[in-house]
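Following this line, the structures themselves.
In what follows, subunit A forms one complex with subunit B and a second complex with subunit C.
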Partner chain A sequence: MPDTFIKIASVTVGSGGASSIDFTSIPSTYTDLVVKYSIRTTSANQIDYLKCEFNGSTTSYTERVLYGYGTTVGSASNSGSYDNIINGGANTASTFSNGEIYVPNYAGSNYKSFSSDSVAESNTTSNNMLMLAAELWSNTSAITSIKLSDLSSGTIAQYSTATLYGIKNS
Partner chain B sequence: MADTKIIVNCETGETLEVELTAEEVAQREADAQAYAEAKAQEDFAKAAKAAEKADLLAKLSITEDEAKLLLG
Partner chain C sequence: MPSTYTPIATTTLGSAGTVTFSSIPATYTDLIVIVNGKATGNGQLSMRINGGTSLYSTTSLTANGSSAGSTRETAATYLQFGYYGYFDASNQAMAIAHIMNYANTTTFKTILATERNSATGVDASVGLWRSTSAINSVEVYASGANLAAGTVVSLYGVKSA
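On to the complex of A and B.
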């Protein structure tokens, strides 16, 4: 059981927003990685999807998701890494989506399984959503960088934050 | 769309906000276009399915709840 939880880096998006947040040169000295974020976009959508890409790779991602959306529940399989839902610019103002991406054994030489949980939050009866995802990046490379961006190519809004933690098993 | 990205170097702790290259901007615009087209297709498919369902219910002269009862 991992018993350390160390902040590696943290970022807050400044005025004007950003197209992506890229954590680079991630040291291989931890066992697992965790990204915790509080993000919204400035797009015209109510709900957007946060893409999570490793080492600049845009391929070989698969995922299975469970979600609740209003009174609807469901599941889906996707090929891609857009596993996290986030508030778009049209959702309740100043409301950010909190979520987490957990990447165990990121520095190993096997394919990388990872998981995430995320929400889109609203003060109305619609546009509330929760999603849990189990994902696989079919690549044997150690993960050295993580890029977070909006699937619809929107802008990550000012005051959004993302923090990368390393977890050690000793 | 913001034309900058934030790069955090986890070894040095340095955080940089850098302009996207012309290639990155072009890729981003292409991705946005592809997403918009995929979403439009999805919305169209949903609307078509809803219309088909409504037509069928009208033909059968039953409500959606009544149809659920029949299938349940």
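On to the complex of A and C.
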């Protein structure tokens, strides 16, 4: 039986940063997609939000999240694509946020439900957060591209990485 | 490099019902179950192992978009992975369950799971099956409902070496 957790593409942000990390021309030959990332921005914020956009679409996203922020646990719902938390440039230096996005049946004709788990950890008493999100992109198109960018249009810092994997269920 | 993430079986439901993976080989280290679809009514993603109807307990962090909390199920007849992020008839939901060290015959079995529905909520659970038996079958269903036609349930094996 073949291994089916296959790397499709990987990006490491170079000197000067990048406005986004893009995976394009995603083949439809897998069943599920997984994005694993290690990202921070260069902004003046402690915590930023990482947008995840499919096929260039900026609409039809909804989410409900479970989060822990310091000693507080809570929940929120949003309409938009800001489904991941990441360390901003004002957070502890050299600290990158880890996260995973899992998209089952990305090439199917149903709306796309997907998961997003992310963390922003730092050596401070505040501005530490973890978040688990239930996401939906209400679109029946097969996903052929994924764009990761800062919600505030900031710069993704050098050394940030993101890798796209494909999974086959048979 | 040996294969470490291998598809064992997949079922796409042709009609509403449950999915049972049986004769699961003991050759992996962990199992992963992925569920994507809908239910015929409101139903928590649930699981029974080796057909057992006892020895289960779960603890879940729950969130519905406005509040968060925790729930606890003991002396349960099945593993219930969720509270707010249930499967329903209207919205695409998904769940992932990790069954660790499933084939050992020494320890009880721990399962980590998430259940997510962007219209209702998100839950993160830990489940325990208090049996030292190796797991050779897993039934996946929506408690109080059926998984709807078109729902995809996949089982993967993961090897640690």
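Following the convention adopted for this analysis, the second predicted complex is superposed on the first by the 167 of 170 C-alpha atoms of A that agree within 3 Å, B and C clash if a C-alpha of one lies under 4 Å from a C-alpha of the other, contacts with A are read in each partner's own complex, and residues count from 1 in each chain.
Heads up, the rule we're going with is that a contact is a pair of C-beta atoms (placed from the backbone, for glycine too) under 8 Å apart; a residue touches a chain by one contact, two chains touch by 3 or more.
Values in this document were obtained by computation on a predicted structure and should not be read as measured data.
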Once the shared chain is lined up, is A:Gly14 touching subunit B (first), subunit C (second), both, or neither of them?
first
Contact-wise, after the overlay, does A:Gly88 reach subunit B, subunit C, both or neither (first, second, both, neither)?
neither
Tell me which of subunit B and subunit C touches more residues of subunit A.
C
Look at A:Leu136 in the shared chain and tell me whether it touches subunit B only, subunit C only, both, or neither; answer first, second, both or neither.
second
Have a look at where A:Ala76 lands relative to subunit B and subunit C in the superposition and call it first, second, both or neither.
second
Jot down the residues of subunit A that show up as touching in both complexes, subunit B in one and subunit C in the other.
none
For subunit B, which residues are in contact with subunit A within the complex?
1-13, 15, 17, 20, 24, 28-29, 31-32, 35-36, 39
Residues of subunit A touching subunit C in their complex?
1-5, 31-32, 62-67, 73-77, 102, 104-105, 110-115, 132-136, 167-170
Which residues of subunit A touch subunit B in the complex?
8-9, 11, 13-14, 16-27, 151-156, 164
Listed in rising order, subunit C residues that touch subunit A in their complex are 1, 3-7, 10, 34, 36-37, 61-68, 84-85, 91-94, 96, 114, 116-124, 150, 152, 154, 156
